[in-house]
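Below is one structure, written out as structure tokens; the observations come after it.
Chain naming follows the written order as A, B, C and D, and within any one chain the residues start at number 1.
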Amino acid sequence: MIAVIKKGTSDKQIENLASWLKAQGLDVHLSKGSTHTIVGLVGDTSKIDEELLESLEIVESVKRISEPFKSANRKFHPDDSVIEVGNTSVGGDIFAFIAGPCSVESEEQVMEIAKAVKAAGATMLRGGAFKPRTSPYDFQGLKADGIELLLKAKKETGLPIVTEIMNANHLPLFEDVDVIQVGARNMQNFELLKELGKTKKAILLKRGLANTLKELLMSAEYIMAGGNENVILCERGIRTFETYTRNTLDLSAIPLIHELSHLPIIVDPSHATGASRLVKPMALAAAAGGADGLMIEVHNDPQHALCDGAQSLTPDAFADVCSSVKKVLEVI
Amino acid sequence: MIAVIKKGTSDKQIENLASWLKAQGLDVHLSKGSTHTIVGLVGDTSKIDEELLESLEIVESVKRISEPFKSANRKFHPDDSVIEVGNTSVGGDIFAFIAGPCSVESEEQVMEIAKAVKAAGATMLRGGAFKPRTSPYDFQGLKADGIELLLKAKKETGLPIVTEIMNANHLPLFEDVDVIQVGARNMQNFELLKELGKTKKAILLKRGLANTLKELLMSAEYIMAGGNENVILCERGIRTFETYTRNTLDLSAIPLIHELSHLPIIVDPSHATGASRLVKPMALAAAAGGADGLMIEVHNDPQHALCDGAQSLTPDAFADVCSSVKKVLEVI
Amino acid sequence: MIAVIKKGTSDKQIENLASWLKAQGLDVHLSKGSTHTIVGLVGDTSKIDEELLESLEIVESVKRISEPFKSANRKFHPDDSVIEVGNTSVGGDIFAFIAGPCSVESEEQVMEIAKAVKAAGATMLRGGAFKPRTSPYDFQGLKADGIELLLKAKKETGLPIVTEIMNANHLPLFEDVDVIQVGARNMQNFELLKELGKTKKAILLKRGLANTLKELLMSAEYIMAGGNENVILCERGIRTFETYTRNTLDLSAIPLIHELSHLPIIVDPSHATGASRLVKPMALAAAAGGADGLMIEVHNDPQHALCDGAQSLTPDAFADVCSSVKKVLEVI
Amino acid sequence: MIAVIKKGTSDKQIENLASWLKAQGLDVHLSKGSTHTIVGLVGDTSKIDEELLESLEIVESVKRISEPFKSANRKFHPDDSVIEVGNTSVGGDIFAFIAGPCSVESEEQVMEIAKAVKAAGATMLRGGAFKPRTSPYDFQGLKADGIELLLKAKKETGLPIVTEIMNANHLPLFEDVDVIQVGARNMQNFELLKELGKTKKAILLKRGLANTLKELLMSAEYIMAGGNENVILCERGIRTFETYTRNTLDLSAIPLIHELSHLPIIVDPSHATGASRLVKPMALAAAAGGADGLMIEVHNDPQHALCDGAQSLTPDAFADVCSSVKKVLEVI
């Protein structure tokens, strides 16, 4: 970490700063140039509060040289992490196909979709039991009952299940859930992340709507710092000014995360685009770009069928995506 | 609410849609034009899931005419809400000056600042006890001890206190806190909002980094739908591509919120800009633009003093802001 | 186009509006609902100024049903456009590999790179002669001399050339240029677009840093409305809050543009990411997502070689990208 | 300027880099730390291409300490610039009220509005003759005739006039125009900026939709580097995800520009918000925040009057804004 000191700062002020930094266990190197003095900090700078340092009146600017994340950092863990999930895994050689309905609605629905996505090539079943909704008047999910239905589908099909948590107090309900999802709106719900860090569950951490990749890795760090290294990252689109898509899918996140971290990263093209007709091309692009898996919404419920289709893919369309993605995976 | 139906949709499909909508308690008006059919929905459309409707294959697009928020909506509550807070209030004729340190660090610190900001014109004391930090390795606040210190300062100065909550399980600690703050990163932590809706506490709800004003009002709606109407909104900057400021303060939020809602809105220029030298001009701008109050960081702690200043204002600079803001308030 | 009229508007005001709209050659359909009146407009609404209409005090909101672009619209031109460029083309079955240096610097440099990229699989040579630079003190390109050097390389290798124009007055210099590029910063330089519309040259139109896909298509429309239908669109990243990449590459632009328009769309992963190590994965992703071609920076100049590499790819790395992309193209 | 060199770079590579930088006239200071080597550059670093330097494979990152703008930089020109415009000026003690119609439509219209805004307190008349429109099918302005009408209004009222240029070839038409406006979409039309730098006209340079303040100042630098120091900056909103307003007005631009530059900055609340009811609060906020003036749309034309109002203010509403702003200016 480097701090550039403002012109005209007195030696005494610089010494004060250096003493304070040394007291925090860092080696401090002063480099006085003709125009500016630069303070180089060596040691565990992840404990230094960058914003506080930058806010000091004598500091012109601060630049981190080493990244502030440690457990998630590829530098200290060069091999790809492979997260075990039931009879399968995420990361390494296995490509994850996670599919299922947006919301669990009934036993019939979830059972039918589970079988259909398994036949189509899914390696895991996803489904929402607790649903984060912008409006308090929108359907909030079947909650505990929804998890029960997912577990029945798991028993029937053998597919590990992925479902979202919104409250650490609900953790007992997730005992038999294979992957616990943290949604975009909770990516910086640090209290929830800390509680998940105390478990050994695989955690699927979605990038927030306006969060940088560094912040995504820092949120993974919250979980890992608690002792749980089973983190799967998920790119699901960020918020921009473009209005034709719900969000802007940032696929450059894939090679960047692979460079910065050893954690696997999957892509959710359904939520990112908000349009079923864009799911296949973005799924292929994600696979070609090096993603470790995909999470795709697949439906089969009467409410949607009533009007002949919807945002989610049908099981047949999902099967087509799986086989096309596999062809791409073979050649890269 | 209006749904525009795609060209080439059969009458039977439209009837199916109309039946489904009627079953949800709405009046449905069909208007067949030469190119498109339009479905007009009258009734309590706040219960309609706009995204689901838009995702149907026969629907080209959906447009809300009435807003999806009810309790927060000025249409149903034309008068400004005035939120009582201890011996003062927010909204209506009183302009709130909320000031204090970013983090509560020691009894000496909080007591000294509390007295200083009171003398300078503050109507409430703010201070962080639970601190949401991007990094798990950064200081997370004094927690319960921090709240104790704030309560001591309240007793000493009479100033009502504002402090942030990050976990609904901590609510018992907030019993004597006057205003509970929900931070930007928790604006869509719906589980937390629901719990706060069950209390009668004044809630200071900060806008999320990438959240629209509609989403801010929907989050207020979560609290109000639970029975707690004491919500104060806070504009604190949104995330954009500009890098000279930490965030981009969106002051047009003030007249827009006043138009859409009866809830008061205050502005936090300290967090929005991240630079003490920008706090005064943005505080004056917020006051001139019609804000109901300001929340400003003021420090007096040795760690900052060590280096002769910091991002927060000194008590003297805060006193200058207060008197300048009051002059502006007198003329508008 | 639909205009929703505000509650409480008098019949006379609505009649005035209807008369004004009819006077502009449109059929006007009034639909009075229990809460709102809706005005439906049928005819050539591309002539209607949406912003003006929306700004009228009696209008609550306006919604376009048909797109405001005509010449670029796939509805009126269902087949993919194939743009002829010298001995090759862009769009349809041919995948374009456009490669070359950021700036043309010397005859030796451009000749060497041209031969290298041709050998590696390039179908066109790109190179900057007029360089738009944020700073007036940065290198602005070799200008006319740069174009001369590109033409020499074209003669030597047979590769058609692509180079950027910044001023319509320079058009005579571009007489033998095969594809004229309009850079992101000039995407809404409407005066330049109009002049290019009077030529028959192939135009490579890059998306602006903060422009929507609708605006990109409207800028294509400016060129096409003048009579030049040879437009190739280019996605090159948009500006967001993410800082690890220079811009955020929006690959969902590919299937969206293909849906909305018959024009081909290529992708520039070099400028979008600003990092050579991200070029290959993003090139593969673009190809898998359905792009009609790629534009990639390739260098071989001493200034870069001096320091062992740079943002651009080496010819060898570019050859590797070409062969990998071709494998992906075979399977999709 | 500081360049941080990557770990593992050989001494020879660093020497090569140092030689190359010295050859560009800079003093180079190497500082080898235990983990990283830092290259400090002293001299006229505005000539160094930051992007090129950052793209070198051995360079981890680059940090500018001094700003890349010189003529616009307050460091080299501590006093506020005052731009003379006809019988008035912008910057310093005079607050500019620039008002007029979006488009010049007829002699009657422009004359009537000119007299009305003068009576209300305007110090300059604005009006669009050349109109940049997203669609080629929208009204493009009266062009040369529009400028003629503005000049008539100037003669009649004595108000200096402000109008937009879109093409340097039109400069002869602007001979008697007092202030030439460069619109947001042309902020980085560098060819146009260079031509304006050769004149002595006052230039009103609007911030682009997705441009940083540094880029705005670099565009001012283009004009000033040509010898024309008469630049007035204008904040008019940037593009974000918020949809209630057309753009997000970034008022923190005011104190930041005043800190970084000696050039005056005015604010355009009409275009920023796109809603007449937001103009007054944002005008007051801009004045309180330290703006040097305002540019406000005022109309009086039958097309708008037909429907009882529009986005622009009426002359009466503008008079109210002027008197309220003056009250705010008196107290700050």
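Things worth noting here:
Note that contacts are C-beta pairs under 8 Å (C-beta built on N, C-alpha and C of every residue); 3 or more make two chains touch, one makes a residue touch a chain.
Please read these numbers as outputs of a predicted model, since none were measured by experiment.
Pairs A-D and B-D differ in how many C-beta pairs touch across them, and the larger number is found at B-D. Sharing over half of its contact pairs with A-C by residue number, the repeated interface among B-D, B-C or C-D is B-D.
Separation between the centroids of subunit A and subunit D, computed from CA atoms only, is 39 Å.
Centre to centre, using the average C-alpha position, subunit A and subunit B are separated by 26 Å. Remark: subunit B and subunit D have CA centroids separated by 31 Å (rounded to whole angstrom). Across the assembly, subunit B contributes 210, 238-241 as residues in contact with two or more other chains.
The part of subunit C that touches subunit A in the complex is made up of residues 210, 212-214, 238, 240-245, 248-252, 254-256, 259-260, 272-273, 277-278, 281-282, 284-290, 324, 327-328, 330-332. On subunit C, the positions that touch subunit B within their shared complex are 2, 4, 27, 29, 31, 33-36, 38, 40, 42, 60-61, 63, 65-66, 239-241.
Listed in rising order, the residues of subunit B touching subunit A in the complex are 13, 16-17, 20, 46-47, 49, 51-52, 55-59, 68-69, 132-139, 166-169, 185-186, 188-191, 194, 208-210, 215, 218, 221-222, 225-226, 238-239, 274, 276, 303-304, 306-312.
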